[in-house]
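Since the structure comes first, as structure tokens, the remarks are kept for the end.
We just call them A, B and C in the order they show up, numbering each chain from 1.
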Amino acid sequence: MSEKPTMIEFRDVQKYYGDYHALRGINASIRAGEFFSLLGPSGCGKTTLLRTIAGFEEISSGAVLIDGKDAAHIPPNKRPTNMVFQSYAIFPHLTVEENVGFGLRRANLSKDELARRVGEALEMVGLKGFGKRAAHALSGGQRQRVALARALILKPKVLLLDEPLSALDKKMREQMQVELIRLQRQVGITFILVTHDQEEALVMSDRIAVMFEGQIAQLDDPETLYRRPKSRQVADFIGTMNFLPAEAKEIAGGGFEVAVAGLGTCAIPADQAPGGPTGKGASVGFRPETLTILYEGQQATDRETPGTVVEVVYYGDMTYYDVKLDGVAEPVRLSMRNVPGRPVLDIGTRTRVAWSPSALVLFR
Amino acid sequence: MKTPGLKIYAVIYLIFLYAPIILLPLFAFNNSKVIAFPLSGFTTAWFGEMWADTQLFRAFRNSVTIALSSAVIATCLGIFAARASTRFRFPGKAGLLGLIMLPLVLPEMIVSMSLLVILLAIGVPLSIFTIILGHVLICTPFAVAILSSAFQSLDRSLEEAAYDLGETPFSTFRLIVLPLVMPGIISSLLICFTISLDEFIIAYFLGGNETVLSVYIYGQFRFPAKVPAIMALGTVLVCISIILLSTAEFFRRRGIAKTGAKDTGGFL
Amino acid sequence: MSSGGLLSRIGRSEAASGLALISPTAIYAILLLAAPLVTVLLYSVMTDDAGKVLPIFTFQNYIEIWTGRIYRAIMLRSLGVSMAVTAVTVLLAYPVAYFVSFHVHPSKKSLWLFLITIPFWTSYLIRVFLWKVILGYNGVINSGLMSMGLIDEPLTSLNYNVQAFVITLAHAYAPFAILPIYVALEKIDRSLLEAGQDLGESKLMTFWRVTLPLSMPGVIAAILIVFIPTIGDYVTPDLIGGGKLPMIANMIEVKMLKQNEKAIGSAIAVSAMLIVGIVTLIFLLLNRRFLRGQK
């Protein structure tokens, strides 16, 4: 695997607001050209971390390196980064083209050259012809595109996006997610996105750093994060996860023998058990789509276990079943795609659930 | 839900507010030396008399000079204080702001007398300059209030965005902050100008030998013969005030329209 | 405090910038307001001697003011007028503020406010003089009533008395009272009122139990905004009272300038500020429960 060069590096970054420890030792590298997300609940420090790259927050100790250089004494207006703010920060008293061309004011371009580049930038974000419009008369989605054009026209090495989609309605959000991915591929620079929406992060990112309380809990690509979360906290935050109580014993040669309530005993390899050995009080997690309800006559490919359907939620393309596995008090949630041949079950139906040890993650 | 009684009350109240002022044009054009009913016919003689009064013009010119200076200085001081109070935290902020806004809650008499006492003690001669000093003192709180509101409603990320795009703090202020608070600046100038123009106490006690409009009017009150001319002058002054305020309101609304903000209904 | 060197540098630079920025205005206020007020305070405990103020410290000035009959009469008159004006103005203003806030269409609200404030921006001096003209012996009211045949002789009760003061000042300070009440009423969440009515309250009850208490901060502000300047008013007693019914401000002028007794004049000024301060404090304390929950 060819390693792309590092664009942003955090070396033990700490930040205090008075006594409040906002960033507690961040260590991470962001590669050039990747779409990177900082994901976490509000207050976890993700926006603070983003702003340290931009230069709007000073760090208390540690180092932030941009393209190999320590950014410590470089003010925001001199860094090779540009930011799209959460409120878009479009200058209301200027037109769209004045906004987009704002950063080029100091570049001493000829009027024609400036107009050409502004036109290019507007076309790139799909706002061709909007140049003369007043900035305050735009919709939310349009404002965001202007913000993007305004930042990208300066050809920064890194584009920082602070919760850019949170103010948009659902349809617009989904549209812009696709737009952003396309833009990033077209422009080829590093995008760093801050969001609290895990779906958004999973859709758009090459890699995601999940943050809680000022620390990075896990930094991985979306699939690894989803299938092999390193802690219950991460597992819970990304998508939905079911948890079942379990007892685990280490086996010689690595791996664990685990007795899972409601499922049975099986062997789990070490790479499915982040967090080290446990004893009693462990739990095992699995995603809703990794276990299947077996219909009449179907055979499980691996293991199976009995249960009762206690709740049915029909979603159109999916149906979610809450199934109470024998021997477990709390029902687990399974999801089944509604394909032909799979009727929606009634509440109270006795059923068999197919499962496999490869779907399980063992937690401390 | 709409009680007509309340509306009638409000209208009567407005009539009561405007009643004395309506008398100004009424008796300014009235052909009588006495301000009393019944009316005695139309005349513009009083306006003529007012117009011919050279001392009045000198006083008016002085007042305008003072009002312009006070408005500009108070607005500048207001910009500094408002910007500092809305963007920065620093020790003693509450105390300093309290001191700056204090003239709003002190009777004018006390402010003028205290200032007079110290000016006399130092030996500063009373003149237009000392009036300006006093007027700036009482206008600045208004400027600070108006400009604080303008700076407050400025989205902070606009300045950060400008900074991010390569501008310095100074050019950011010039290109982004100033244009967006300009409606507030204009309001402040107009309001301080109006306050200074009409102000009496400071002009009376801190003025030297040069007459100022309000003091001149005060002096004319002693002469019953001059009263109709005062009515004419009053009419003109009221018209000027209304024009100035309508202009201020117009700019306030235009400023809101230009930036697409919401109209919260007035300077306050 | 667990912060690195970098942080305290930033903290200091924000404070330094802030202080530097506010310094022109602050220095102006310190030189021209704080220093003079301190001087007056100092003078008030010194002694007058033939036009000069000697640094002989004494409380004699205050004793004279607080025990002297004439001084007391003037103080009480000022206090009485001010309180009457405040009560009248605020009570009359509340319904108007309520009307504009609740019964005027949002697009027309700023028009109403504009109309209400215009009289305020015209010359106060002229407005007081107009009232003198209106209330005078041969003034507008009397001549109007006589020419309509309603009275035979002019009323003498209109002018040269404290009631005339109250009318004049109430008129002048009306907008001061309306605006803070209006602002407070605007802040009230309308859905609170609807919730009350949804739960079965009558409109009057909703007003009494919800609207009025929530608007109290505005009412308190209005009271203070009217009370404080009126107690120190100079022009109204001077013009309407003809010099025969002086209030505190007129007395200060007499002492400071005409009789050149700056020490006792200062003491009067300080006493006036004390009265204002104490009444304000009492008022704020009594109404603390309305102000809690405000910024």
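One rule holds for everything that comes next: contacts are C-beta pairs under 8 Å (C-beta built on N, C-alpha and C of every residue); 3 or more make two chains touch, one makes a residue touch a chain.
The shown structure was predicted, so the numbers you read here are calculated from the model rather than taken from an experiment.
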item	value
Most widely separated chain from subunit B, with each centre as the mean of CA atoms	A
Chain pair that, of all pairs, has the most C-beta pairs in contact	B-C
Gap in Å, rounded to a whole number, between the CA centres of subunit C and subunit A	59
Averaged-CA centre spacing for the pair subunit C and subunit B, given as whole angstrom	18
Between subunit A and subunit B, centroid-to-centroid distance (C-alpha), Å	56
Subunit B-touching residues of subunit A, taken from the complex the two chains share	54, 56, 75-78, 81-83, 85-87, 89, 91-93, 102-103, 105-106, 134, 136-137, 150-151, 154
Residues of subunit B defined as touching subunit A within the complex	155, 157-158, 160-168, 176, 179-180, 258-261
Residue ranges of subunit C in contact with subunit B within the complex	14-19, 21-26, 28-30, 32-37, 39-40, 43, 92, 95-96, 98-100, 103, 106, 109-110, 113-119, 121-127, 129-131, 133-134, 138-140, 142-144, 147, 171, 174-175, 179, 183, 186, 203, 224, 228-229, 231-235, 239, 248-249, 252-253, 256-257, 262, 265-266, 269, 272-273, 276
Interface residues, subunit B side, partner subunit C - complex	1-3, 6-7, 9-10, 13-14, 16-18, 20-21, 23-24, 34-38, 76-78, 80-81, 83-85, 87-93, 96-97, 99-100, 102-103, 105-111, 113-118, 121, 133-134, 136-137, 140, 144, 194, 197-198, 200-201, 205, 214, 217-218, 221, 227, 230, 234, 237-238, 241-242, 244-245, 249, 263, 265-266, 268
